[in-house]
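Each of the next two complexes has subunit A plus one other chain: subunit B in the first, subunit C in the second.
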Partner chain A sequence: MTFRAQGMRAWLLQRFSAAYLALFVLAAVLWLATGGSADYSGWRALLGRPVVSVAFALFFLSLFFHAWVGIRDVLMDYVPNLKLRLLLLVAVALLLMGLAVWSALILISVYLS
Partner chain B sequence: MTMARMRFQIYRYNPETDTKPYMQDFVLDDVQPGMMLRDALLRLKEQDETLTFRHSCGEGVCGSDAMNINGTNGLACITPLAGLREPVEIRPVPQLPVIRDLVVDMSQFYHHYRSVKPYLIVHDPEPEVEFRQSPQEREKLDGLYECILCGCCTTFCPSFWWNPEKFRGPAALLQACRFLVDSRDQATAERLEDLEGPYRLFRCHTIMNCVNVCPKGLNPTAAINTIKRLMVKDMI
Partner chain C sequence: MPSRSARPRFLNLFQIRQPITALVSIIHRISGVLLFLSLPFAVGLLHLSLRSAGDYQRVLHWLALPGMKLLGLLLGWAILHHFFAGLRFLLLDLDLGLRLQTARATAWSVFAIVAVFFLLLAWRLA
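This part shows the complex of A and B:
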């Protein structure tokens, strides 16, 4: 299998990110249901722990990759016009990358102040 | 015992004389119990000889009379009239260009079939005797070799409707799987490589229309998943 593996790679990415998203959401819901963090300082303290911070980073990464594969699939199926499809793909990619940078900045900001 | 009379609405289109397709009403009297749709169509053709459809063996083996029956693809010859909602609406299978009435141009379907190289590829020198296969190895072909290439699955697959030129379709992928799991075939890597990319195999979103309509009860979705598993194995 060559590196051209766009189909397989995307599919594996979708599967693995889905698994992580499911686990993370389950853990988050359980944590929130058993008290969770009620206020801002509580959240800061929580995200100040590197393990939690990395878990959140992985969550955002999985979310954006999962969204990318899913939206790419939808556009490939429903937008036959190649120019329009490319435009939409680029727009979605930029949006997701922007969101990724934003969430990274938020996670890092906890450690900077 | 059974209804003696049945109503039909059949898609008619002759590109040489009609500007656009239309539905024609038919009434069939003296419907016998146990009659199949193909029998009805043959009798309707006596009423109107211009009605055109493909058929041959009449027992679900040749795969000629695939058509869209009340919105679902199936073989007319093994679809009992009893139980069909009236008026029975008959159209050609979706997506493929209509040559006339219920006859479609299967070129694209066959193109995809040919593309998966549906034959054994052996790189070693051919043996003096026949290719040996154990009963266990042979068993792996069950559920794959029985395909009659009627096209019911591929033409009912939304992924094929959306990307007919690029997505191989369930029927061709079932055949790809049939040769991938064959113990005698030696082109596994090439076959997998050829199915890579976002379109040929991975347009399948496990919608499973193919499984619902296959008149032979085969499972192309499972075959596609087998190919994905083989790809993962090949990758690591």
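This part shows the complex of A and C:
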């Protein structure tokens, strides 16, 4: 893969994740506008539906990749010191990976208890 | 070619009146960073809201606190701007609205639409 193609991949990832995030947010807002969930059991039941779990899992996946490309771009633009930039990139990557594991565990936990 | 440090630096961004399209863009960035910073707290709230009925009530109670409502308003604004400015960027990527006049008009529209939804959000949260 050429150097240019790597930038292209991030660019595409940013756009496709954006499209899914927009659809998910739209669905969530519509759900909230039409009453949403009033109590704990209803909320659990909603997240206990496989189709909702998958939609959330895709949402988190898109969200964390989208955030990664965005923050990466911001750091590349505003942090000229390469060592500091690398340090921040690693910190952001670790944070996002941690959040990905955490959110996956949350989605799975609904089925376990 | 002059060395990196010898290059002239005279750009004071705050003394330049930025075009409306540039404002949409930089605020898209700022709102994105804000949303990124909120991610750990958002995932934490989701965790609590699904853990037990008591924790669910606690989350609702926190979200109803005045300070949290203010924070919710800020993040709500960030989502709105990021959403509508992002939509505009996606359309630009598809070569839609590239003419300068059109691009300026859609940039103004982003601010207008965000303002309307923000007022709606503030009214719902109040």
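Rule of thumb we're sticking to: the second predicted complex is superposed on the first by the 108 of 113 C-alpha atoms of A that agree within 3 Å, B and C clash if a C-alpha of one lies under 4 Å from a C-alpha of the other, contacts with A are read in each partner's own complex, and residues count from 1 in each chain.
Just so we're on the same page, a residue touches a chain if its C-beta (ideal position, glycine included) is under 8 Å from a C-beta of that chain, and two chains touch if they have at least 3 such contacts.
Since we're looking at a predicted model, the values are computed, not measured.
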If you stack the two complexes on chain A, which partner ends up touching A:57: first (subunit B), second (subunit C), both, or neither?
neither
Once chain A of both complexes is superposed, is A:43 in touch with subunit B (first), subunit C (second), both, or neither?
second
Kindly classify A:76 by the partners it touches after superposition: subunit B alone (first), subunit C alone (second), both, or neither?
first
Residues of subunit A touched: more by subunit B or subunit C?
C
Of the two partner chains, subunit B (first) and subunit C (second), which one does A:89 touch, if any: first, second, both, or neither?
neither
On the A-aligned overlay, A:8 touches which partner chain: subunit B = first, subunit C = second, or both, or neither?
first
Where on subunit A do the contacts with subunit B and the contacts with subunit C coincide?
none
Mind listing the subunit B positions that touch subunit A in their complex?
158-159, 162-163, 189, 192-193, 195-203, 205, 228, 231-232, 234-235
Spell out the residues on subunit C that touch subunit A in their complex, using ranges where they run on.
29, 32-33, 35-36, 39-40, 43, 46-47, 49-53, 56-57, 79, 83, 86-87, 90, 93
Partner subunit B, residues of subunit A touching it in the complex
1-2, 4-8, 10-12, 72-73, 76-78, 80
Subunit C touches which residues of subunit A in the complex?
15, 18-19, 22, 25, 39-41, 43-44, 47, 63, 67, 70-71, 74, 95-96, 99, 102-103, 106, 109-110
